[in-house]
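So that you can tell them apart, the chains are marked A, B, C, D and E in the order they are listed, and the count of residues begins at 1 in each.
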Amino acid sequence: MIEVVIFIVVGAAAIGGALAVVFAKNPVYGALGLLGTLFSLGVFYVVNLAHLVAAVQVIVYAGAVLTLFLFVIMMIGVDKDDDTTEKLRFHRPLVGGLAVITLVVGGALALGGRFDWVPTVAGAETPPNGTVEAIAGRLFTDWVLAFEVTALLLTIAAAGAVALAYFKPDGSEPEE
Amino acid sequence: MTSELFVPLVIVAPLLGAVFLHFVGRRIGEPLAGWIATAAIGTSFVLGAVSAIDFIRGTGEHSQHIMLWEWMPAIGAAFEIQWDPLSALMTLIVTGVGTLIHIFAIGYMHGDERFARFFTYLNLFAASMLALVLAGNYAMLFLGWELVGLCSYLLISFWYTRPTAAAAGKKAFIVNRIGDFGFMIGLMLVFVTFGTLSFEGIFERAGEVLTTGTATAIGLLFLVGAAGKSAQIPLYVWLPDAMEGPTPVSALIHAATMVTAGVYVVARSAAIFQEAPAAGMAVATVGALTALWAASIAIAQTDIKKVLAYSTVSQLGYMFLAVGLGGYVAGIFHLMTHAFFKALLFLGAGSVIHGMADEQDMTKMGGLRKHMPVTAATMGVATLAIAGFPLLSGFWSKDEILAVAFNAGGFASVLYVIGLITAMLTAFYMTRQWVMVFGGESRWDEGVHPHESPRVMTVPLIVLAVFSVGAGLINTPFRLGLEHFLEPAFEGISLAHPPEGIGMFVLLAAISVGAGLVGLAMGGFIYTRPREVWTRFQAGFGRLWEAWATAYRVDDLYGAALVTPGRKVSEAAAFRFDLPIIDGLVNGVGRFFKETGSRSRVVQTGYVRNYGFAFVAGLLLAVVWLLIAGDI
Amino acid sequence: MIEVTSGWYMSLAAVLFSIGLLGILVRRNALIMFMCVELMLNAVNLTFVAAGRALGSLEGQVSVFFVLVVAAAEVVVGLAIIVAIFRRRESASVDELSELRG
Amino acid sequence: MIFAQVLVMPDVSWLAIAPEIALGLGAAIVLLVEVQFLPPIKRLGGLVAAILAVAFGFSLWQWFRVDDLLSSTDNAEFIAGFLPFGQMVVLDHASVLARLALLLVAALGIGAGWQLFERLGRRGAEALALVLLATSGFMLMASSVHLMMMFLGLEVGSIALYVLAGITRGRATSDEAAIKYFLLGSVASAIFVYGVALVFAGTGELSLLGARSFLSGTVVTRPAVLLIGLAMLVVGLAFKISAAPFHSWAPDVYQGAPAGIVGYMAAAAKIGGFAALIRVLHTGFPSMLDEWAPLIAGIATLSMVLGGIFALVQDDVRRLLAYSGVAHAGFILTGMVGGGVGAPDVWFYLAVYTIQLVGAFGVVSVIAGGTAGPTPIASFAGLGKRQPMLAVSFAILLLGMAGIPLTSGFVAKFGVFQTAWQAGFEWLVVVAVLASVVGFAFYLRVIVAMYMQDGDGTSPEPASPSRTVIALTATATIVLGLLPAPLLDLAANAIPL
Amino acid sequence: MLTWLIAAPALAALVVAFLPKDRKELYLPVGILLSFVPLAVAGVVFFEFQGGEAAFQFAERVAWYQPWGIEWNVGIDGISLGMIVLTTILFPISLAASTAINHRVKEFVVSVLFLEAGLIGTFLALDLFLFFVFFEAILIPMYFIIGIWGSERRIYAAVKFFIYTAFGSALMFAGIIALAFLHAEQTGAPSFAYQDLLGLDLGVVDERLLFAAFGLAFAIKVPMFPLHTWLPDAHVEAPTAGSVLLAGVMLKLGTYGLLRFNLGLFPEASVDAVPIMATLAVIGIVYGAVVAIVQPDLKKLVAYSSVSHLGFIVLGTFALTSAGLQGAVIQNVNHGLTTGALFLLVGMIYERRHTKNIADFGGLWKVMPIYSGMFLFAAFASIGLPGLNGFVGEFLVLVGTYASLPGFAIVAASGVVLAAIYMLWAYERVFTGIPDKPENQALSDMSGREIAIMVPLVALILVLGMYPQVLLEKTEASTEAVLDRIEAVTDYEVPAPGRLTDLYIAGGDG
């Protein structure tokens, strides 16, 4: 029962945060909305026995990533509200149409009763416990290649960031 | 066998002459080129005559097939010669008259800058015409048939810088082609009926294979072709225009030889017409009507050659009348005599034109008998011959035709009457012509000095005059020389004959001679008088004379009914249909794609969210699609 | 007694994902759009975790780490691009970057 | 307790990832050498060529190793060599072929756009390193049989490409290309990974092999989640291969990004994307062929038609090539409707098309002067007179892309069409042949400009690597059109697991 | 042998392509010289060819890519023999007629030679894949020939030509794939070999669809009404050599294809399609001629006349009688010669006057007698004057058609009349009368080179007109074989003229 309450309350927060991201005119509010969502999800991870994931979510995502976002927002300028008037004439109605179709399809699936999120498989009775050991056990065995590949990703990120955003102190291009 | 060698050479000789003159004619020049051409066709005549001796003697085979080489074996077409009395006679007419006309032309074409070229064409024509009459199958016959058309085209428009000449040549060819259209379909029908186009294969089996329906169809289709070539109603309109060509051409092609090809084809196809009396009657009717129609037009012409042209049309009508009724001998007989006197008339006219410095209008002539005695005399003979003056050649042949028509009875009696009227008209307009040209007082323009033509022109006239007088004697009721000669060629054909008995002959002869004399007298009486008399006489006919003088305005009618609408249709097809609609459709497809592209490229707005929209829409579509496919 | 199944979480994730997509479609601030992408990735993570729980599999949770790394790398590059653009044109609106079209 | 847990290391096959290692290390070396020695860019070019050659050598070795493995009787050895690293990647002919193609495209791409690297100055090294890294990413993507692994490969490749798209910072169009590519690419990645999650939810497996065996062993009564997940995987990859309607980024990016690198970007993404797509559909979900084949056919149709029609009205050669790329994606997808049997034809098509694409962009890059300058069709006018060899090569490449017989493009088209026909998609073949006619129309426009119109413009002489690459690709287009058998035989082996 | 026949022009093209840049004057002469090599090879093939045989001779078969079943499969029979000879003859001639090309001569010669290789390949290919390769590949050189060396609207014409014909062949491509697939289904392995595909058992529906797919491609190529509009544009804009080759050889691909593939592979559907094809052919004959009458441009006039003449070929093909087929085969060659000659002549006057407008001329006979004579000769050959080649083909076609489709033959025969009208009218306007326009008065007559170009054509026109057996005796066995097969496979009975009488008379009394 308590889980239901948590789900409803925290879930509402998550959705609220998400909606804030989408509809807030000021990017700062959007970022804060995203923060709310991220925290909410962290709560859900805990509920779902994904402790390490939850911790990382809060530390990396909410801590690092979002900070970076806020930093850029600040740099670009907080005081500016976004212009949200639509220039494309048919865009909004069309997007609305898509939303409606999504709702209809989703609703049909949900209410049609011909829908399972997960199939019944053996071993599902014991939910996995996302401890550090358990996760590490997977990461350093079967997932070791994937783990190594992330190094490539980070190299690219570093090299790319430098290539794209490094300017000389006077703001000029390094050379062209 | 000499004939196997000689007969092909009959064609080859003028052909070689043509080829030779084509390449070197210009260099050897006048008059040698003309003499070479004459020698070529003269050789043909000699070869033909030698080869025909057997037929004249009545010994040897009466029909020979000489195979040269295959042409289109699938349809039985080959270069193949049929040598029988009919083709022999035609050969002799063509080469004989042809030789004389060649000689005449040497004088007539004197001074023309394309003198040699003229003889090239003449020789080529001779070769083509010989190919036509010597052909052993319909395909080769058609070859000659078309080639003479080509030569006719070339010779009519010989003076191509004259737009009228060029147009006349074109008109002749095209009208002939219209006839050929029918002829070709006839040939196709012959082929599917007999499985071959070879005379041998056709005529032997005609009786057993043909039904009346098929035979009639073939006959009528041949009639269409023959009407084109032989200038019968309704396709005669090209012949008067063809007078644009040099006069020897008119004499050779448009009087003596080519235009008789239609008659020849009907005669040649006697075995088919035998099975189709209706077709034969159609031929006869067309012939008779044409005879009268053209004669009536001839009455009112003032151009010396136009008179002769319509006269030719009219005389060809006689021949059609004869062959249509089965009187093949009569038809061919008239063909022969007509070749002589009509060639003579044309050459005479040519001589006059030559002497009058290219004047052709008879109202500006008169009194020429003093200045051109030989021409006047020979033309006088020819006029009498064509008018059917007793004992001259035209008398015998024309009378035979009329007699055949009379004897056939029934509907043919009507044709007989028409023929009789025509005979009277013929006598009238020919006399009128002679009198207007040679009789009475001179009405020349200033500065014209008529003179007799040189010997090279007058000698052929004299020779032809002799034949015009005497040629009729080869086939009289008293001595059927020609009929006996031709009989082998019409084996198995029931020939139509004049009524038996001298009494009947005398009666009929008297009637037609009477008709002729009436015409002769009228013409002589009126046109020897001063001009006002003619005018009054002509005015007496009122609008009718006008119609005759303008040839019933048939040309205008054809122009309005066929040429102009045809051109309009063509223009509509080309510029209202082909370009805007068919091509427009094609280009429209291309434009449609481009338009679609240009119009829809605005979808690519450059805005990310807009791209995202397409993206998400596609995603939704894919999801829904898979869900439906997965039968959820 | 209502029990919260993993389906609930996954449904919630689906909603969040859709909201993220919606954001992409309606906003034109590159930063916000980018945040929407983050939102979508988080929805994915929630799905992974919830599905892993229902299936009794740890792979879902492991996957989350990788998604996270990818997200981080994307953030680095993405923000670098945005910064680079901003330095030249003082705006983060992608609408101004619509010279390329058609 | 904590330390009691025994970690069982998975099978490790260094050979299976040797080319990737070579490239990763190589990238690091390039960056370090650059920082340390500031060598002239030409030297770096040589270094990169050496790295690519090494990787290529490894790949060739792999090819023969695969033959050995397939003939080996020892099951354990087979598994260890064939599906190493916890069965996350596979060493089969398909993956090796993809590696070879990618390496070739990388080498040719760098050569074709060499002017760009020279003009980038010091950042040229970063660009080179990024090309190497991207290549390794797409290689991993092509060889993975695990969805998360595939996602990682995809991201490695894509993120590197985002950076490359924006690497000439001077031009607004380059920025625009980068941000558009980046934003839409991230969305596509998110959709892809959501698909991974949903497939995971639907089957309990992240491994494609696992998913396959799960599906063959279980009757999934309510496969909605699985189907939605599959759709998202397909859509995510369709974005990479720029199939309609997920193509809208392509023209803008091709036009905006530096001309020298677009050829590589387009080609590498297509190879990686298609390799992954075959892998997902054929290795993972062969049992659902009846469901996804029509979807693929639909995307193919839309791509061919839209790509063709839009290409018809473009005035910029790069946009034209982009839209034609959309159409080509459609043609290649045509070969996939029959499932794995079409893989050789898809591979052949991919190989010849990407080679042509790189060559064509080499020419464009010459005309554009290596960077992001505009390349309207009009700027090609009179090229046939000014630079006959360049024009001839470009004409051959364009005709090859159009699929004129006696070029490799024709053989390729024939291959995919006959596969589709055999699969029972006759209508798709008919659409495709008609669409290829539309293709003629727009390729001809460029040829018209080059040969039939007079232009007074001048164009720079191509750098010698570019010239070599352009000549090579044009030659390959003809040679493979006349003698396609060797490459076809090679591709015939490359039916993925 | 045949491989060399195809390779010879291609190699020649390479030779010319590698001639040094500074020897510009060599390009054309070398090209002309080298184009005699295929002519010589074709001559050997022609004389070695065994007339009585229906089977393919000089056949060569080598696998190209085994798993797909594609092969290098070439061979020659009576149907292709004439086309090969025609092709190899027309190429030296058109090259020799191209001295007016004064820019990018090398490219021109190379294009023409590649075109020759492609055309020969198309006629010799027996593997459908190979056939399609050549069929499509030749579009490229022709596209360049029109597009680079054509007149003002050349680009429009070139693109239209290319796209239109490519569109036509697209569906045939699908059809070819389908055939190979059906072969694989029935025998286990795909094959594109004509010889193999003859044995296929196609269902009625498939066969009709395939017939349509192939038919469309060829009908556009022919071109048959109403798919003909690319032709006038292409002809008008193309340089002389282009027009000659286009009309002389390329259009024949369509008629050749119809005869070889549609009749050969889809006999049942062919028999069923006779009414449609014959109707379109007859419309083409009449329509082409009617439209030709009022064309203001000489080339356009000849182009539309081609539409008309090619209608005869299609009609003869679908008459399904021996005479019709023979006529079609020989008319293929004949039309190439006569129309080639006409285009060459128009090209010569165009080089002198830079106009092809009929209205700009008049009275040329006076100034250019030799030219006028040549033109007249060619015009009459085109009109179908017996003794010249045009007649042989058309007459055989008409007679053959009458045996099976009398009504069509009758309408078609009117094309002969119309031909005389448009040709002679045009001739009248161009050549007769007085040369009153000053620019026409100083025109020079044909040069020795120009006469030399025309002489072979004139000679062939005469030879084929007088002794078509030269060709017919070699083609007959092959055309008969086509009919035999149709008779064997379908219930169609080839009409045997001579047996049937009243069937052909509406309302006959039998």
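Here is the rule we go by: a contact is a pair of C-beta atoms (placed from the backbone, for glycine too) under 8 Å apart; a residue touches a chain by one contact, two chains touch by 3 or more.
On a predicted model such as this, the values are computed, not experimentally measured, just so you know.
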| item | value |
| --- | --- |
| Chain of greatest Cα-centre distance to subunit B | A |
| B-E or B-C - the one linked by more C-beta pairs in contact | B-E |
| Closest chain to the centre of mass proxy, which here is the mean CA position | E |
| Subunit B-subunit E separation of Cα centroids, rounded to whole Å | 36 |
| Where subunit B and subunit D are represented by their mean Cα positions, the distance between them in whole Å | 79 |
| Centre-of-Cα separation between subunit D and subunit A, whole angstrom | 29 |
| Euclidean distance of C-alpha centroids - subunit C vs subunit D, Å | 25 |
| Numbers and ranges of subunit C residues touching at least 2 other chains | 10, 20-21, 24-28, 33-34, 50-52, 54-55, 57, 59-60, 62, 66, 70, 73, 77, 80-82, 84, 94-95, 97-102 |
| Two or more partner chains touched - positions in subunit B | 590, 601, 604-610, 612-613, 616-617, 623, 627, 632 |
| Multi-chain contact sites of subunit A, meaning residues that touch two or more partners | 91, 95, 98, 102, 109, 114-115, 117-118, 121, 143, 146, 150, 153, 156-157, 160, 164 |
| Pairs of chains found to touch, sorted by chain label | A-B, A-C, A-D, B-C, B-D, B-E, C-D, D-E |
| Subunit D partner contacts - residues on subunit B that touch it in the complex | 590, 593-594, 596-598, 600-601, 604, 606, 608, 610-612, 614-615, 617-619, 622-623, 625-627, 629-630, 632 |
| Sites on subunit D touched by subunit B in the complex | 179-180, 183-184, 187-188, 191, 222-224, 227-228, 230-232, 234-235, 238-239, 244-246, 248-249, 251-252, 288, 290-292, 294-295, 298-299, 309-313, 438, 441 |
| In the complex with subunit A, residue positions of subunit D that touch it | 2, 5, 7-10, 17, 24, 27-28, 31, 85-89, 119-123, 126-127, 129-130, 133-134, 136-137, 140, 146, 148-149, 152-153, 155-156, 159-160, 162-163, 166-170, 178, 201-204, 218, 220-222, 224-225 |
| Residue numbers on subunit E that touch subunit D, as the complex places them | 64-68, 104, 129, 132-137, 139-140, 143-144, 147-148, 154-155, 158-159, 162-163, 166-167, 170-171, 173-174, 177-178, 180-181, 184, 190 |
| Residues on subunit C engaged by subunit B in the complex (per definition of touch) | 21, 24-28, 33, 94-95, 97-102 |
